[in-house]
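Look for subunit A in each of the two complexes below; its partner is subunit B in the first and subunit C in the second.
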Partner chain A sequence: MKVLCNREKLREGLAITNGVIPTRSTKAVLENVCLVATDDTLELVGTDLEVSVRYRIDDVKVEEPGPAVIPSRVALDFVRDLSGETVTLETKDGNCFITSGADSCELVTVDPDEYPVVPRFDAEKQLPLQGGILTRLVNQTSFAAAREPGRYAMHGILLAIEDDCLRMVGTDGRRLALSSTPVDAGKGEWAPVIVPAKGMQLFCRVISDPLDTIHLDLGEHQIGMQTQNAEIFARLIDGEFPRYAAVVPTDCEQSLEADTELLNKKLRLVANVTGEDARAVKFKLKKKELELFGQSIGRGEATAHMEVAFTGKAAEVAFNPDYVLDGLKNCEGDTVRLEFKDRTSPGKFTLGENFVYVVMPITVDA
Partner chain B sequence: MAPETDHESDSESTAIPVGATPPAARIALLPDVLRNKIAAGEVIERPASVVKELLENALDAGARQISIDLEEGGARRICISDDGRGMGPEDLALAFQAHATSKLTQLEDLDHISSLGFRGEALASMGSVARCSINSRPAEASIGWRVEVHGGRHEPLREAGGPRGTQVEVGDLFFNTPARRRFLKRTSTELGRCLDVVQRLALAHPGVGMVVSHNGKRVFDVESSMDLRARVRRTFGGELAAALVPVSGQDGPLRLFGFIAPARFARRDTSRQMWFLNGRFLRDRVLVACLREAWRGSLEERRQPVAFLHLNMPPEAVDVNVHPAKSEVRFREQRRLFSFLLRTLREAILDTDLATPGERLLDIAQRRRSAAAEAGALLPDPGGLPRGAGQASSEVREVPGADVAELPQLSALGSLQESAAGHRGLVGSGDSAADSAADSAPGAASGSDDSEADTAAWRARDDFAGPFLQVDRTFLLRALPEGFEVIDQHALHERVTFEEMRRDLAAGALESQRLLVPELVEVGRADLELLKGHFEALGAVGLELEQFGEGTLAVQALPARLRQVDCEGLVRDIIELLAARGRTPVAEELLEEVLHRAACRASVMSGDELNEDEIRSLLRRAREAGHDQTCPHARPTRVRFTRADLDRAFHRR
Partner chain C sequence: MACARPSILHVDMDAFYASVEVRDNPSLAGLPVCVGGPASGRGVIAAASYEARAFGVHSAMPTARARRLCPNMVLLAPDFDRYTAASRRIMEIFRSFTPQVEPLSLDEAFLDVRGCERLHGSALDIGHAIRARILKETALVASVGIAPSKFLAKLASDLDKPNGFRVIEEHEVRETLDPLPVEKIFGVGERTAKRLHQLGVETVGDLAGLERGEVVRRFGASGVWIHDLAHGIDPRRVNPHREEKSHGMERTFAEDISDPEELRTLLLSFCEEVGFGLRGRGLRGRTVTLKVRYSDFKTRTRTRTLELPTNLGPRLFSVASELLERVPGGPLRLLGVQVSQLEDVRQPIQGDLFESQLTPTRSQDQWIQTNERLEQATRSMDKLRRKYGRLAVQPAALLGRPALSGRTAPRQAPAAGAGAEPADSEED
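Up next, the complex of A and B:
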């Protein structure tokens, strides 16, 4: 293989594939990036067997087509620190030379046949979507996905396409974020899928321009996405996802609207006093006023007040402030709406158009 | 006629006239001699039982100094001399009669026995199986008397001179019952048992001096002025004695005092667990259970704590007339007693140092500094002779005095003391003086006060600055003054979570995080029924369960402090616990147990990588939690190694 390409484009490609490639793997070959040169394109392939990515660099000069499998991290670091405008990649005697001007390095290669086969995007039916919208949906839901060991399905984000609407749901069993966007789903039937949250975030990283149209393919075992010059696939999680529709409350009696920024500030203020592990902040609602009260045995207590628009009876409910703050951070609008029924029922935060966040309350003396 | 009856009538032929008619009367009263011989089988089993009975008599007689002379492990000769009240001729004449006693006169006396013996069987039994004699002179009499019994044959009472008090001599034990004699073990074993009895009584009666000699050599002694800690030191060595933590409590007429040893001294058996009820050594199941319950959560199951405890209570509150050896008793108000003991013991247990090897870390530094300074001031003993010196010499005397080949137990004792002395030696030369000074101090507990204050001061100063080393994502290492500690991150996190939840529970503020979607756990019908009765109690610890169809359980809410909960595992643990507890789990106990399990199920597992901030916050929380030396399952959370341990490991000394 011998290829001449733009250094910046190569760096970008390596950075994207490197996001997928594991730094330490039980299979050493996975720590490499696979470069394939064909007529006028250089393709970079990386995989950790859960998520796989193909990144295509056009406008390269292929002098000798062929593959090369080289250590990913070293290649990225070296290319990043080079100063020339173009880079030459060349394999010779089992080694790969990266040269730019007078500077060069020589990397050990691995037999390309050892590298796992990564699929190609060729779905019959595809869902077109604006890249920026996908990114938004992922950001609005992935923060709520579970990180701690437990029910495996909750480590993923649910993608469901129904009624010309793409919904994404993230939950860890204590809170749930649901965000949706209208799409043109065509006639096809799409079964809901669960995608690892990490995989979903890698999808977003591949999207270079939010205005570009991307294509999604929801397969039986994997989800694929195609952008201008990348294809990315993630293995699906096989499991049962909580029935999100049943979780979002509909019979809320209390409803308040508050300034997002102010609520964020006041809540953080009170949360400073609550403990590290067990944290509950009480939301006490009276006419036009919200009182936030936090308490920690052996530390002290804190109170904050703010004006809110409130309908309903005076009521009280307690939440883990971390959960609420996570939601507020992703809030789209200047105001946030909180609806709930009583102290043991879920609180429903409306954080934007088509963006709902449900948090289960904390109860004391059950 | 059955052969057994044949045999019986043979042996009783002296008493039963052999009649011509076959169904003659076969039941007859036994003659006194035979009766006593049979009773002796119960009361007098081996030389050690003789020593016990005679020592108790001497103590009941108010002796302050008792000497015990043994020959051939007590089988040839046991001679016990005391300086007690003594007996006049009338008493002596009756002494060897069965059921003759000075300790009871009427039925009501049985309800409040304050003496050690009371049955009046012991001397009569001895008299029937050995050659016994008693010399006695009451303090007020100018002349003493002597009485002798040989295998049940009474010699006439005669006058005899002698010191004030009583000397009882029991020779040729079991000379007329060869079967019993054959059951005696080797001399060293029998001597060991005798010593065991003496040592126990020595621990039970501080204030009474005892000297044991065997074949003319002194093998054990305690001075009358030695307190309990000093007696433990003499009996079990200095390392144990120095580590003892005082116990003290009073509830009306109930009084508990003594010592418990830190967990690292715990053993497989209860042989170092000594309860003394009004001066009587006891092996009572209730008390053993009480001690174990008090240690629950701080000591691994199956390990038995070491303790030396005196329990004083009015004689009428306890029935000692239950067991012939009187080692079991029945308490009248068991519940109240139990809760009093538990409370007092737990207080003391919180004071013990549970970090496994070595001593309290700062004790060492403290002693090294203070010993030199204080030694001078402490040495002159108000009692006259410097006791520290006398004690040291008696320790030295004991070791060569023991015949190593013949007395394995004793030599073990000696080497234990030796090693203990070696251990202390490494601390500094002035150390032993400071130690014995601590012993002679009244109350015997004052020795560690300063260093405790020092430890506390250091704990307060400790800012957990690090650096930390995480080993295999399981253990944390950090330096301490004069050493380092290894922390089991899972165990510590478990304890911290548990203590915080317990604190929340006590404050009525246990928070419960509700779940969006209940977690379903299939448990089966039987287990569901079992659980159903406890939904409310479990709700109080923040665990909200509901029935969900047949045989399935829905977990609706979990304690908010718990992260990473494995619901299914938790529910299974609880079922197991309820099943094991049977039908009547005490609510409080149940909660505590569930907290244990819950904390464990949701703790940082070994294998989690922790960054420095996380480590620091864990340690800080551990300090706030207070009780952090073991995990709720009583595995230690941290092990400390001192400079001395390192020195030893590198053969630097």
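Up next, the complex of A and C:
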């Protein structure tokens, strides 16, 4: 293999594949990136067997087609720190030389036959979507997905296509983010799938232009996404996602609208004084005022007030401030609406046109 | 190492349950009085007065056997409400001397009086004062042991029982310990004692004389412990904040029970009782364990951890009864329920969105509503129970049943078995 290519493009490609490639794996070959030069393209392939990526760099000069499997981390670091504009990749005697101007390195290679086979995107039915919309949906839901071990299915994001609507849901059992967008699903039928959060984040990573159209393929065991120059596959989580629709509150007596920025600020202020293990901020509603109250045993307490538009009767409810702040961070509008029934029922935050965030309150015995 | 000056007190009430009974009914004075379950129902003795002990009766002995040893004994069903009231008074007395009080059960506690000397005098002064005040305020008799360590203090209180007062000074440790049988060492049970006897070890002095390496080789980690104690070394401190790890109740039946309905009803009464106990202590728990023992003494337990901790009887019952269905059926000799992973009720609870989906019979809203209402209702019911007695309010399913603890009327309605004793107090 011998290829000449733009250094910046190569760096970007290696950075993306390196995002999938494990730094330490029981299968050492997975710690490498697989380069394949054909015609006038260079393809970079990386996988950890859960998530795989093919990244294509066009406009390269292929002097000798062929593959090369080289250590991913080292290659990325070296290419990043090179100063020339063009880089030459060349295999010779079982080694791979990366050269730019007078600077070069020589990396050991692995037999390409040892590298696992990564699928190609060739779905019969595909769902076209604007890249930016996918990114938005992922950002609006992945923060709520579970991180701590436990309910396996909640470590992924539910992706469902129904009634010409693409919906994503992330939840850790204590809060739930639900965001959707209209799509033209055509005649295709897709069963809902659970995508690992890591895969979803990588999807967003390779979308370079939010206006570009991407294609999704929801298979039985994996989800694929195709962009201009990348194909990504993520193995689906095999599990049962909780019935999320049942927990989105519908009949709420209390409803308030608040300035997003101000609520964010006041909440952060009060949260400073709440305890570490049991963080709770009380939302006390009276007439046109919202009082935020936080305390921690042994440290003290804090109160903040702000004006809100409020319908319902005087009530109070307590939430983990971190959960609410996570939602506010992703809020699309200048105002946020909070609806709830009572202090033990879930609070529903409306953070955008098709974006709701449900947070289970913290109950404190009197 | 233990500190030189004896500052640890072990106060132990003499024949506590029996003494409370005699105090409240002076006509029993001088008679062999026992508290326990009836002989007909495989009951055991929970406490025996010294008059009864003279016949060889002791606690944990089957009532039937006690009856043979002492045909004239007066057997009373336990009334834990009164014992608890007396216990509370006694603990208050302890705490008026020092906050360093570690209760071991209803009727005994360790106290560390170091640092109280200028306020209340020496450990001996305090010991005498405590005994006098207990006698004056509760009309009950206590034995006091004073020593440099917990182990020795407990040993000391036992040496001169009843109405004992014994001090073990640092320099008296060897001469006090050496002649005692090894069984007196905390942690030396029947089996260890047997193995020690085979080595020719009869007294604590014999054990102390053994080479440490050999004891450790033969008895492992517990060898370190018993060898230390044999030398009077006990580094444990008095811990006033010893947290309850679990709270529960179990009961051996007079006759094996196989009727599932009957078992469920009993389980409900246990859960109600355990919930009441937890609420009284300001605790709630996350893990529910069901215990059953079959007629062949095979014991099985089943455990479930809740998403949200609780101290409400009906919630405990809904879990416990499911667990009961999961154990193999058959005549049961014993049934019990225990709640662990306890926490303070003031601890805020983060709600769970999908809790209802784990209990599919009800919708989320319904469940939360009932839980909320149940909590409010329980608070009011507890008030009534505290004012008018435990049976003032109870689930309809339990109406007309004898109380588990406490008596429906004074001196009657004996509960079956050894009396339903809270499982976290003395138990075999």
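In this text, the second predicted complex is superposed on the first by the 365 of 366 C-alpha atoms of A that agree within 3 Å, B and C clash if a C-alpha of one lies under 4 Å from a C-alpha of the other, contacts with A are read in each partner's own complex, and residues count from 1 in each chain.
By definition in this document, a contact is a pair of C-beta atoms (placed from the backbone, for glycine too) under 8 Å apart; a residue touches a chain by one contact, two chains touch by 3 or more.
Here the structure is a predicted model, which is why all the values come from computation and not from measurement.
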| item | value |
| --- | --- |
| Combined model on subunit A where subunit B meets subunit C, clash or fit | clash |
| Partner, of subunit C and subunit B, that touches more residues belonging to subunit A | B |
| First, second, both or neither for A:D39, with subunit B first and subunit C second | neither |
| Touched partner set for A:D334, first subunit B, second subunit C, both or neither | neither |
| Superposition clash, subunit B versus subunit C, among 276-284, 492-500 or 600-608 | 276-284 |
| Overlap of the subunit B and subunit C footprints on subunit A, listed as residue numbers | 171, 173-176, 242-243, 246-247, 278, 280, 318, 320, 344, 346, 358, 360-365 |
| Contacting residues of subunit C [partner subunit A, same complex] | 345-354, 356-357, 363-365, 368, 371-372 |
| Residues of subunit A defined as touching subunit B within the complex | 148-151, 171, 173-176, 242-243, 246-247, 275-280, 295, 297-298, 318, 320, 344, 346, 358, 360-366 |
| Parts of subunit A lying in touch with subunit C, wherever the complex brings them together | 171, 173-176, 242-243, 246-247, 278, 280, 318, 320, 342, 344-346, 358, 360-365 |
| Subunit B residues within the subunit A interface of the complex | 497, 500, 503-504, 507-517, 519, 539-540, 542, 544, 557, 559-561, 563-566, 617, 621, 624 |
